[in-house]
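The two complexes that follow have chain A in common; it is paired with chain B in the first and with chain C in the second.
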Partner chain A sequence: MANVILKNLTKKFDDVVAVNNMNSTVEDKAFVVLVGPSGCGKTTVLRTIAGLEEATEGDIYIGDRLVNDIAPKDRDIAMVFQNYALYPHFNVYDNMAFGLRLRRIPKLEINRMVHEAAKILKIEDLLKRKPKQLSGGQRQRVALGRAIVRDPKVFLMDEPLSNLDAKLRVQMRTEIAKLHQRLNATIIYVTHDQTEAMTMADKIIIMKDGIVQQTGGPQEVYDHPNNMFVAGFMGSPAMNFLDAAITDRMILKGGMFELNTADRIKKIIKDNNLIGKEIVLGIRPEDLEDSNFVQNIPANSTINANVEVTEPMGSEIYVYVDIEGILITARVNPKSKCRSGEKASLCVDIDKMHLFDKDTEKSYI
Partner chain B sequence: MKQSRKERTIVILTITPSVVAVGVFVYGFIAWSIRVSLSDWIGIRPDYTFAGLKNFISLFKSVRFLIDIYNNIFFTILFLAICVGGGLFLAILLDQFIKGEGIFRTVYLFPLAISPVVSAVVWKWIFSPKVGVNVLLTNLLSKIGIERTVEFGWYTSTASFGPFNIALIPIIIAASWGFVGYVMAMYLAALRGIPAELKEAARVDGASEFKIYMKVILPLLKPITLSALIILGHISLKMFDLVYVMTGRGPGFVTDFPSIFMYETTFAANKFSQGAAISLVMLLMVAVVIIPYLTMSLRRET
Partner chain C sequence: MKKKIILYFVLIIFLIIFLVPVYVLMVTSLKGFEEVSLASMWNLPKGLNFQSFISAFDKLKGNFLNSLYLTIPATVISALLGSWNGYILSKWKFRGSDIIFTLILFGMFIPYQSILIPLVLVLRSIGLYGSIPGLIVTHVIYGIPIVTLIFRNYYAGVQDEIVEASKIDGSNIFGTYFHIMLRIAIPAFVVAIVWQFTSIWNEYLFAYVLTHNPRVQPITVALANLAGSEYVEWNVQMAGALIITIPPLLIYIFLGRYFIKGLLAGSVKG
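Let's turn to the complex of A and B:
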């Protein structure tokens, strides 16, 4: 096992900068998720680590060894591809054994290793089948099997679950997490799905336009996003953003609302000299509740607005209200009587608000 | 799913003309050829007197016909080898995403667009013993100081290498030139259909570029190779126009093919019954190649 270090990594395709001066460390045995919208450069980072793309600038270290000029096969990595990339003309056994045979491992040893990996992934019954005869989930297991059988230093996974249906995806998510614990391996995992990132990662690296936006643990990036992009990207439904001005008495004032601030927020306002300034207020949907279900509502902590749509989820209701032309999402108690077309009063958890700079979109701390 | 009456009527209406046409012009005429081959028809006037297998027996006693079959089999083997090997080689070269790929593709495919009669005339000149490549070789030799006139007989040569007539070499070159681009196009399309991830997976698995082609890419091209062999195989077994214009039967039948024999027997000597027998033997040869392919692809569909 080994750590992976990226130093000033830049990758350009002609004039397009896919990865811009990235500095990151993946600790030994960590499960690191690279997440971002499509085209953000996350897959390029993974492919550069794998050696399938050459870094334009910067250095890549795997286990303290500079690997810039080392061929993929000598980097001691295994990659799981989005479309599985199983060899269609080999059966499952041969798919898993292929890499071992190329390394001239004795036959008996190969046999033992393949069966061991197959046992871990519960695909022992499938060893004689061709990929065509497998379901999506089974193919995914074989692709994982092909990776783990080689016992590499680092696993690279490129959106391995995106071709599975929703239910299977949740199941495989847990299995990959379990696999990580069992193998004690370093895993770098690329996805565009923030839920996968939140649920599986020890550390999340959020990227946009080739630039790392924030690196941190799942709860850390959720609770303390660096900027509006991270705040909006992590969490589902996404964080709501409202324009607001800060009054002399540290009240957040928008066109349709006036909100008091908690002590924590007051400190941020003081530290950043925000009195009298325009800011962007961020509120997570779970920090908005139907006022009928909140006891002891503090003064100036509700927003009244027209309900546009309600989406009952069973355990809660998503209520979409219109505030100055912006659709705001609230996750409210399932017993809420909010109806579309009617007015609703939503109570804001004033301790959990996020303040962002209007121009730089950076978070105030 | 149950079809409505209207849908069924449309299906029947659209299929009927081609079924009738194929039935009459293909199977009807095959049946007629069989009948003629079993008759005594010589001369312009049809004569359907039943003559049994007489025509076939005399055919297999004919020296010319046995030479023709030999020629055709050797021609086919070499023609297929060059087209498939060359086509694959060109396709792999073009698949490296080189600049000007479109130009090369067109250049390689272009011979297919030229009428075999036209290319036959050109190749006939190129391999003419008194001009063509012989002159070129003579000039090249004189450049390196050897003053000597090269005199290969090419398609007029009666020398043979075992059962293989050397005179066939120019024809094999001419025919392969026509079809190698076609095979290249088939392979290139297949290569483009192989996901890049597969190559990358093999690269990460530890395969060298050579191994990637040997172990991953080539096995995936197997169906294309089979199709190419069958398509070229039946073209080769029926080869007529190119050979007829380029060399004809040649001295001592060195470049004779069953098709030329059939043409001359039927339309020059007016031995219709004998000609029909030759064409039926050719049909059987082609059937040996085509029928396994058809059953295989039909089985795959159901």
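Let's turn to the complex of A and C:
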């Protein structure tokens, strides 16, 4: 059993609260991603689990053992750092063997373990090289190797891919996911990149200003964000937000649009007693399509606006339109004829709208 | 092009000014005693006469060894102390560590002369006055600010994550120092060793004040004492001065390569 439980975890640096009363459980063998903008406290959480920072308040359990007062080396964890943090004077073999030697494991055993880890990461021919003779991707593999060679209960990874170039990052993403399946270990992974979070995680913990905003599976947080922050943070391009009022006939009315509502939305409006109120309407870019490519457009489900910019991506086009001074993104069919400077008609998938409270920014459900 | 000519012209002038004393030193050391006079000081020697080197070496060899016994341990100890200080002050910061660092740096601005009397009193009371160990202690302590500065700045450029990785791997504060930090600091050691070796080897005031017995005096004091009260054997004096420069010169020649290497390697980015 190697679950990780955080109970009322708070970490303050002088007067700055980096982590505020966090309660989370990382299940055994899960791949959990902590995600959020820089300064949200996600790295601090990881460092506190590692024992590199002391919790100001609260308890940390690793595998049902309270580890608050246990030294990092005795927590049975391994950490992978963003900048690799390889020992520059050791070669790859020694970098991986260092931790094992300190644990007084017999030489032959160390040799076997290092070679096994090197085999998994395909770095067997690099064992004699010094870190500075390696490329960024190779260094990251060695850093991973140094972690897996010790066979720890929990892996802590702090933005391990952010120093790699875009292509390598995508490649290593898959490799780390494969590694997780192969090692069958618990991984806690910190990133600011929501794509990494979506693609790799079993469970995502989204943080902002030291507070957990939402915890859940990737699809769950994407489809049902708790609040406007999560809605805007997860997904690329980000969700669009528009101010709207709800009429007696349950129509969403903005300055430049009137949108009908689907039954699911009508139920939300009724349940929350929203008739006549001002709300924030959230629409994901993929739920906006060039009307020319939609058959049977339902009544009151289009928005007409001026196109500011178009970005052809090949498989789709990002169209940026101006609605009441706000730039709205739509992901439309690549054959769309939208041109900047011209008017376009965008069709809204009225079943997939999100409604948020204007003041609390919370999602209505 | 014109600019370059002017630049080189100016540089050559300064080079000549700089080399004039060296020229006098060398030609005089190769002359016989009777050949040395103010009138002929600029002239080249009539022949190569190494007698003055033999005589200078004979008079100074004991003190030359004294200087080695003094300089080598003092340099090694202060470099090690500096690396430990620098490691703690950059990687194990504690409340007030920056203040302590600043206070240590102030030590660099204390003139030698101002502490002579207390220094003599302290060394006398611990029984090290008039001995080479006493000089070693003095130089080690006096070198703490500069070596601490060198190593702290060097280690400040080393990622903190290396220390953290080592903690997670199982090292404590000492293990991280011996296994990692001590070994990655070669460029800083070269700088500290070159600096300390040269300044301790060339130091005169402490050596003069703290040692009176000619048998324990370092070479700088002995060289000054070569000049008798009635007359000065200038050729021997100059030869002695040239002999003195050999060890620092060797240090530069051998460590200089590593010095450059260290500078070029720049960061120790893993």
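In this text, the second predicted complex is superposed on the first by the 364 of 365 C-alpha atoms of A that agree within 3 Å, B and C clash if a C-alpha of one lies under 4 Å from a C-alpha of the other, contacts with A are read in each partner's own complex, and residues count from 1 in each chain.
In this section, a residue touches a chain if its C-beta (ideal position, glycine included) is under 8 Å from a C-beta of that chain, and two chains touch if they have at least 3 such contacts.
In this text the structure is predicted, and so the values were computed from the model without any measurement.
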Clash or fit (per the criteria above) of chain B with chain C on chain A: clash
Partner chain(s) touched by A:Arg103 [first = chain B, second = chain C, both, neither]: both
A:Ala78 touches, of chain B and chain C: first, second, both or neither? both
Partner chain(s) touched by A:Pro131 [first = chain B, second = chain C, both, neither]: second
Contacts of A:Ile328 with chain B and chain C, given as first, second, both or neither: neither
First (chain B), second (chain C), both or neither touched by A:His89: both
Touching partner for A:Arg139 - first (chain B), second (chain C), both, neither: second
Intersection of the chain A residues that touch chain B with those that touch chain C: 50-52, 71-73, 77-79, 81-83, 85-89, 98-99, 102-103, 146, 150
Chain A-touching residues of chain B, taken from the complex the two chains share: 195, 197-198, 200-207, 211, 215-216, 219-220, 222
Complex contact set, residues of chain A against chain C: 50-52, 71-73, 77-79, 81-89, 98-99, 102-103, 131-132, 139, 146, 150
Residues on chain A engaged by chain B in the complex (per definition of touch): 50-52, 71-73, 77-79, 81-83, 85-89, 98-99, 102-103, 146, 150
Residues of chain C touching chain A in the complex: 159, 161-162, 164-171, 175, 179-180, 183-184, 268-270
